[in-house]
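So that you can tell them apart, the chains are marked A, B, C and D in the order they are listed, and the count of residues begins at 1 in each.
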Amino acid sequence: VAKPLGSIDMRPGVVLRFPDRAVIDEIRAAAAKLEPWLVALRREFHMLPELGWREFETTRRISAELTAMGYEVISGDAFLGGVARLGLGTPPVPHEGETGCIARFDTGKPGPHLCLRVDIDALPIQEAAKDHRPAAENWASQVPGVMHACGHDGHVAVGLGVARLLRQFLGSLCGTLSILFQPAEEGGRGARSVVDAGHLEGVDALLAVHIGLGVPSGTVALGVGGFLATRKYAVRISGTPAHAGKSPEHGRNALLVACQMALGLHTLAQSSVPGTRVNVGTLHAGSSLNIVPDQAVIEFEIRCGEEPDLETLDRRCKFMISHMAGAHGVVAEVSLRGMAGSWENPRRLVNWAASVNDAVLAFPHTTTDYKFGASEDATLLASAVVASGGVAGIFVLGSNLADGHHTPHFDFDEGVLVRGVSLLSAVATTLLSNAG
Amino acid sequence: VAKPLGSIDMRPGVVLRFPDRAVIDEIRAAAAKLEPWLVALRREFHMLPELGWREFETTRRISAELTAMGYEVISGDAFLGGVARLGLGTPPVPHEGETGCIARFDTGKPGPHLCLRVDIDALPIQEAAKDHRPAAENWASQVPGVMHACGHDGHVAVGLGVARLLRQFLGSLCGTLSILFQPAEEGGRGARSVVDAGHLEGVDALLAVHIGLGVPSGTVALGVGGFLATRKYAVRISGTPAHAGKSPEHGRNALLVACQMALGLHTLAQSSVPGTRVNVGTLHAGSSLNIVPDQAVIEFEIRCGEEPDLETLDRRCKFMISHMAGAHGVVAEVSLRGMAGSWENPRRLVNWAASVNDAVLAFPHTTTDYKFGASEDATLLASAVVASGGVAGIFVLGSNLADGHHTPHFDFDEGVLVRGVSLLSAVATTLLSNAG
Amino acid sequence: VAKPLGSIDMRPGVVLRFPDRAVIDEIRAAAAKLEPWLVALRREFHMLPELGWREFETTRRISAELTAMGYEVISGDAFLGGVARLGLGTPPVPHEGETGCIARFDTGKPGPHLCLRVDIDALPIQEAAKDHRPAAENWASQVPGVMHACGHDGHVAVGLGVARLLRQFLGSLCGTLSILFQPAEEGGRGARSVVDAGHLEGVDALLAVHIGLGVPSGTVALGVGGFLATRKYAVRISGTPAHAGKSPEHGRNALLVACQMALGLHTLAQSSVPGTRVNVGTLHAGSSLNIVPDQAVIEFEIRCGEEPDLETLDRRCKFMISHMAGAHGVVAEVSLRGMAGSWENPRRLVNWAASVNDAVLAFPHTTTDYKFGASEDATLLASAVVASGGVAGIFVLGSNLADGHHTPHFDFDEGVLVRGVSLLSAVATTLLSNAG
Amino acid sequence: VAKPLGSIDMRPGVVLRFPDRAVIDEIRAAAAKLEPWLVALRREFHMLPELGWREFETTRRISAELTAMGYEVISGDAFLGGVARLGLGTPPVPHEGETGCIARFDTGKPGPHLCLRVDIDALPIQEAAKDHRPAAENWASQVPGVMHACGHDGHVAVGLGVARLLRQFLGSLCGTLSILFQPAEEGGRGARSVVDAGHLEGVDALLAVHIGLGVPSGTVALGVGGFLATRKYAVRISGTPAHAGKSPEHGRNALLVACQMALGLHTLAQSSVPGTRVNVGTLHAGSSLNIVPDQAVIEFEIRCGEEPDLETLDRRCKFMISHMAGAHGVVAEVSLRGMAGSWENPRRLVNWAASVNDAVLAFPHTTTDYKFGASEDATLLASAVVASGGVAGIFVLGSNLADGHHTPHFDFDEGVLVRGVSLLSAVATTLLSNAG
């Protein structure tokens, strides 16, 4: 039985009132009715996975739904037109279409600006063809080598579900609702651009969600921390070629410097700061057996539980790269390819969200000490909102998994879709019931 | 004026007689008449360069010419059907057609078996479009990214030229003539297969030629040595992937072992044996920034002026690769991709060839102490013939170059074509005039 | 005011009774009277620091005191005669005298066997001559380059203090008391030998103490965990020398393999298990500029918060060393030089000791969640006692420091001496008041 | 039978006359008479070997002999007082005595200035005690760990022998004779100081000799080339220490940078220039297992057959060292420890010396194409003399060896002593018979 509602406080000095009990009950009922549509939606997006910065069809489909619902849709140049996009690749993806968008509804009444964020990109993984429900039921990926193996298809469904459910309530609420369908989360690429484009200016509260991650079906992790701050880089090394047999001394060997760089960078990983990591993930060098290799590219990432220590590590890595190149008489160019921050949901928000969840009965269980242990670029959005005086949280929506994230057999319990829509809708309704 | 002819000796105990003065004069005249055809032929092949083990059209064209001339043509399965082909690549080239062939004419009369060898493959180089005669005269490569940048197009023309010229003389000669159009010389791949297929069994004399290489137009290098023996390898390293952030200790890092291997192999290059070299030419490892890389491939070559020392170096490299992999708990598989031997033309052959050249006046100048300083897999053919009691030589046919071998502006003085046909034809006629 | 005493339980099913209030009061008073002697004793040992396995004079002095008090003293061959001693060095220290000993008193009455452990060795550090109390007051180290810079001089004083104080009570107690004056704690060398020699067989309770470590004066850390398990190794690498100019290829370079080994070992440090560390602390290779170096020695240590993970790391390191040597054609011999385990004081013991401390008023404050964060070989003693059914604990006796441990300006607040004697004596008396 | 004497030319435009036949005969006879003294002298110095820059007793003994013969002896501050001495070590050798000297005799008559050079230092090698003539005959080294294992004891004897023999002839000659007893030849340290001190200014001809080196007894190598130019360095690396367990990230690891430096430097050895070598001969780093090592020292040498290429290699090494240090945030200081140059005896000098040898019948055989294949700092002296317009040569005096140079069983055929004295005395007499 849902608990009686009352007043709650979230930010220091701010006491939020709950909406009427009837409204909360209505939300729960409305969410339940959306289930078949949510499942169908998730599977539709599952069949059409698109890599980060290439979510053209995904965005087209999302925009169409949102427009039909009556939302203002911010996309294309209006979305990220004027900002650099991290990790766009070489050669860069042409602007073949729009990638990502924001649904917005301004009630016209004074009140808070709430932004809900879901991410929409897929992974370069070939989906399993056997012993795999999507394959057995004929809704597996239709794109060879690309798969929604992290649950972002579900995130899209939840985002659209909340949009559809809240549409009927928005007229009686105050403030502004934004739903961000963020591109290129994988590799920590998209969030930075969203911040740079100014879309979080004026946002009072930001909520992001992720499905799965080890949290079982029926449980929502509200107290979430332990995000690893991360930076991802590419290093291009340019040396001088030479005939390896006739005059090796004329070469400046980019391959060997890349090797020394990789080994050198890895020596920097040892630290007393939890979560410190260095990983040279790829190294590609040379073109021919009989030439002293003059070109090499390495990609690496660093992680750390504490942002200041990550900054220190970042400086040491760049210093090492630059000097190691100099040591061999070659040139190295470093470019940032992705990033994410550290984060811990604030206690007041956790308590408040727990109250809302108790009211709407979205998830039977909650946990308050979940350690993320990996990286998510929603942290950049959260930190940006906090930096301008707002409040932010990242929730993990529990869902039993068929196999781990980023694997060919990944699949999740779709029961999470209704629960997620229910929780987020109740949270949004509660927040936007207060005139700010 | 041509010198008077006489008896010469080549192998110990064998005294070769020269053919009649008239025959030599006839050869010179016949070669001169072939010039327009030779130049056209060279340019035709220049326009259709094909990489090693993919000389399908080249072989088809050569075979057609040879068949029309009346030669027996050994190609396809009869040529290399039953033997492994080094450096065929992964995935291997399908048998889309025939690559390389042998033209053979057996006079039916007792006598020596002479094999002339030319090579036919091109290089993965984009031909220059400016300041380059083939481009200016519209006979540049028609295949993007592939170019006859080493003169093998000229070699094909010389081989066909000799075939055409000798055809009229063969009836009055004795023994057998073979002309080997060898595939995949670049990277030292084709010769080993020719040896393995047994085509050199019973060959009494082998002569191979190469155009250019720093020898000026009008000069032929007959005394040629200083070939560097070489082996070329690919190493595939297979480790264990792991999430670089969550559990790096579960990974077995193929990238880092490749780096240590590259640095380790390079420490083996230091030697008092001239020409000792180690070059890790390519390294490709890893697929994703956030995964401990579990796959790496390196390609490397070793060279040495002395074959026994190369064997020692070969063993040390393999030993290092195997143990270095073991040190990191990964598996490394080494595969041979190419090879060539050391070589020095025997003095008697040099003197004899000089006499023939003096007689036919093919090249005004000869040199007898040319140091090759690089690798050529004709050395394997030469050594195989010597090992079974024959005699062999590799001649460099001088030709001024527009730019260095293996560069986009490479081109050569086509005057070498007639000279080369003239010399080889005279040599062949002389040898096959002797009943053995 | 001391709390009233009562019954406490320590091990499952065992209820310990406290001694009479009067006894506890007597202990506190007796400890206070010892202060001048304890301080003088500490300073005497401070002036004569001796390195691990060389505590000859230290042991002679301790033994003399203990014998005069009436204890049985186990030393020399009876102490560690039959066991290997880790990290003895090359060449090994001659048996110039006795290093370490055990004071023992058997009451003859049935009861538990309690072992108190203090360590006695000093460090290879030159003591500061300026701005340093020992120097200013003329009781600084008299041994150049050797210093009690970790507080073991204070440990010796506490051990002898407890021996002296308890001597008067032992007649009325039951069971057996041992006080272990352990040699060679630095580098994790001595404890393993004590275990191997069987001195912990039959010991029911073991208590070890350490002064300082960041715990302030007046506080005792009873709940102590977070010890890093560690192994320390020396690796001797033997290659083949060669003249570096004339024939480098004949050498098998021990220096370069040591370099690759050091870099390789450091790549193993990256782990999700807290406290994982690899440190190649020393590398010594080669003897002459113009010789390919054939000899190298590296010393390294590994640490880990979890023993099973340390075992895994240990195996990977040894595997790497062995194969890396093989890769370069050299031989590597690994020898264990020191070790320590992980440890966490059991909660029942912590509570019980807190009760005793409350009773005797030794330290005004206690902490119960101290993280050691480094390594101590008392952990091996503790684990051995637990493995045979006993109970064990390691306490940190708070003392303000002049500078950090292992630094030339290290000094501690000597007020800790009386407090430590008081606590340990009360603990011992309590335990040995129970007939077991 | 000695050949008749005549006029010879050495430098362009200079025709040297031979002295009278009688003088030459007299020299040969005088040399023969010195043999017992030469042998005794050599063995005396063999028993008292002293390392470079520490030849105190050796110099005292040489000076005493020379002074007794009536030579001016330049030693102590007058010898090398004002110049830096390469490779003096840390801490530097105190000026405990004099190391090296020059014997000088100015005839007062106009004429050339001839400088003969021998070297006097020994090696850090323990002389063999068994199967070794010096040991069997009781004249082995009396200094533990130090041995004349390169024949410099014989060089001293030859130098003193020539001084003694020539003394009787000097009155009738013209010009100036210098005999340089050079310290610290091993490691290429002493010659540079001699040049810097200006002792070669005004020298018209310099002749240096070395015993053995593979040239058999009875043969003198007059045509000598193939010296490898070399530079020898020490690099001191200073980083930042840190506790390896508690805060490794605060360290700047000097050991690991030394390892990367060693591997990096070795990658520079690969060259088409004959004789190119890099050898990191020693590496010493770190002091304790549990400290991130902050200090390291490496010593390395480079060699090359061509001086300009050595200069290039020198620059690349220094560049690499500096940047590699920077890459790890440590500081590296490079200091030159020794050096030698390339050299080839000029043809005219070889011919002239051959004539003199023929005349005096010192060595029955001569060779004129000896390749040194190693380094000798006499090359610096020779180049300095040539640079100021003089002529110079380095001769190898053949002598069968018991075992290789720089080995514990090294010994040489002492018959070379008389031959060497005879040849050098005849050469000197011939040269100083010409008024210049």
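The working rule: a residue touches a chain if its C-beta (ideal position, glycine included) is under 8 Å from a C-beta of that chain, and two chains touch if they have at least 3 such contacts.
Just so it is clear, the model here is predicted, and its values are computed rather than measured.
Asks: From subunit A, count the fewest steps through touching chains until subunit D is reached.
Replies: The fewest steps needed to get from subunit A to subunit D is 1.
Asks: Could you quickly compare C-D and B-C and let me know which has more C-beta contacts?
Replies: C-D
Asks: Quick one: point me to the chain whose Cα centre is farthest from that of subunit C.
Replies: B
Asks: Find the geometric centre of each of subunit C and subunit D from their Cα atoms only, then give the gap between the two centres in Å, rounded to an integer.
Replies: 55
Asks: Centroid of subunit B to centroid of subunit D, CA atoms only: how many Å?
Replies: 49
Asks: Between subunit B and subunit C, what is the gap in Å from one C-alpha centre to the other?
Replies: Using C-alpha averages as centres, the distance is 71 Å.
Asks: Using the touch definition from the top, which residues of subunit C touch two or more other chains?
Replies: 246, 248, 256, 260, 263, 266-267, 270, 277
Asks: Flag every residue of subunit B that touches subunit A in the complex, lowest number first.
Replies: It comes out as residues 187, 228, 230, 232, 243-246, 248, 255-256, 258-260, 262-263, 266, 275, 277, 279-293, 296, 299-301, 303, 337-338, 373-375.
Asks: Enumerate the contact residues on subunit B facing subunit C in the complex.
Replies: It is residues 246-249, 253, 256, 260, 263-264, 267-268, 270-273, 276, 309, 312-313, 316, 319-329 of subunit B that touch subunit C.
Asks: Inside the complex, what are the residues of subunit A that reach subunit C?
Replies: 263, 266-267, 269-270, 274, 277-278
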